[in-house]
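The data blocks that follow each hold one structure.
In the two complexes that follow, subunit A is the common piece, with subunit B as its partner first and subunit C second.
So, the complex of A and B:
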């Protein structure tokens, strides 16, 4: 079993605050995602291609938030991402955070049900498994 | 557009408040004092949009400049450098004349 350093799992662990702190330190009141002003190390400048599923997530958000449907708006997406919590916020990739928040919002709003989503996810997974077994592209 | 509460040049403080939920004032700038450089415009309130409520009044958004040395202890640039941040009116309060 790999050794796990417990403090590294705590929210905010390893983060140093390098801006001038007000006399009454409000560090404990910072929400995890609100990272402006914290030391983040060097900026990663390399670009990368988006995977097809990432483009799908982007398209889903645009379709849901566009004027034709108006099911949700971008500020709700942002709120949904913030509410995923520190663990998910750090571990999920950019578009994983998007689709997690979109799913939660659609369930909240009654557009889809948890049961419906669960069955669809199982169906898609089974299809991918079958395609992989045939040696085709998943 | 009604007269803005804070004219350009006004000294303002970004409110030191820490409510839960979706907040549009950066944590590291709350409680800091700066000067209004100009009025950006009137915008819907994203803190309400974030919960699907879109019918509320628009808010004036201000471009506020905060002196960099007030934010970073080891700031190495010229002391008159400023950081510009757009702040919704509900997050600003008057800071009087004693501020920088």
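So, the complex of A and C:
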């Protein structure tokens, strides 16, 4: 088993505070997610049907943040997403950011470990590839 | 499954959900499955909890919010309770608005409200379902707070200059629902018919409810 490194699995892993704060004027510094009032193009009226895996990410968050479990809070998720850094914030899709941040938070809180996550990901991928091979798709 | 779909006219990809076995999983799909399996193995939640939560997500739609708005249009006492405590008022109608407080903001002849979450994507999901992509977009989040009238115009909503536009910026701890004004000419309509006039976008505040006579 090769050694699993956190950054190879997850952007922003281990980052406690991302300090890239471009100044938009002389008096105010802001982080990349804090975009209220900035210039931007027209609002593209795009919509899409949420994919099953995206709804699963949403469901995982609801279960973890609900009053019954309280494993993590919504504001912690937001901080986790902000800590992915400006590159990941713009390059990942919405639910990719969510699951990356949720994973980082679960590791940070000791709910799961990076080693078991890496092993489970390898197992999930191998299982899926075996299913594809059976179906003649691989 | 055949790769051909039986006709040859040029068009973009079909809105088609491939069988999940057909394609390699993306890195983040693998991550999602791995996290879910680990949490189930550790007993944080069960597979049944996950299935029930997915069903709950699918069961929510703007129809829940529309029911609340239509009741407020026909029942002034309910409207007062809605403005005072939205989560409790929704519960009266059997709509579970959850535990995160939602504040209803009322549109009047002089005031128009519109909601955004500049920092992330907070949204009254339990009353409106999952948010549209544009609500979460950089353009909407950046511009609505500075030039709301220009953004509303992009949605086809032109407001007179003497109407005050209030932009409500949501947070993780407080979400908003817009109570639109009841359209003129709807005096004879019952609550169910009124609810059908109430769209998701008018409860976000980017549009106004349709007047059925126009």
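The rule is short, and it goes like this: the second predicted complex is superposed on the first by the 108 of 138 C-alpha atoms of A that agree within 3 Å, B and C clash if a C-alpha of one lies under 4 Å from a C-alpha of the other, contacts with A are read in each partner's own complex, and residues count from 1 in each chain.
Basically, contacts are C-beta pairs under 8 Å (C-beta built on N, C-alpha and C of every residue); 3 or more make two chains touch, one makes a residue touch a chain.
Since the structure is predicted, the reported quantities are computational estimates derived from the model, not experimental observations.
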Please name the chain, subunit B or subunit C, that touches the greater number of residues in subunit A.
-> C
Touched partner set for A:46, first subunit B, second subunit C, both or neither | second
Taking the superposition as given, does A:38 touch the first partner, subunit B, the second, subunit C, both, or neither?
-> both
Kindly classify A:73 by the partners it touches after superposition: subunit B alone (first), subunit C alone (second), both, or neither?
-> both
State whether A:126 touches subunit B only (first), subunit C only (second), both chains, or neither.
-> neither
First, second, both or neither for A:30, with subunit B first and subunit C second | first
On subunit A, the footprints of subunit B and subunit C overlap at residues 34, 36-38, 73, 75, 78
Name, in rising order, each residue of subunit A that touches subunit C in their complex.
-> 9-10, 33-53, 55-60, 62-64, 66-67, 69, 71, 73-75, 77-78, 81, 92-96, 99-100, 102-103, 106, 111-112, 116-117, 120-121, 123-125, 128-129, 131-132, 135, 137
Contacts from subunit B onto subunit A in the complex sit at residues 16, 18, 20-23, 26-31, 46, 49-52, 54, 70-74
Within their complex, state which residues of subunit A touch subunit B.
-> 18-20, 22, 26, 29-31, 34, 36-38, 72-73, 75-76, 78-79, 82, 109
Going by the contact rule at the top, pick out the subunit C residues touching subunit A in the complex.
-> 15, 17, 20-25, 28-39, 42, 44-45, 49-50, 53-54, 56-58, 99-100, 116, 118-122, 130, 132-134, 136-143, 145-146, 151, 154-155, 169, 172-173
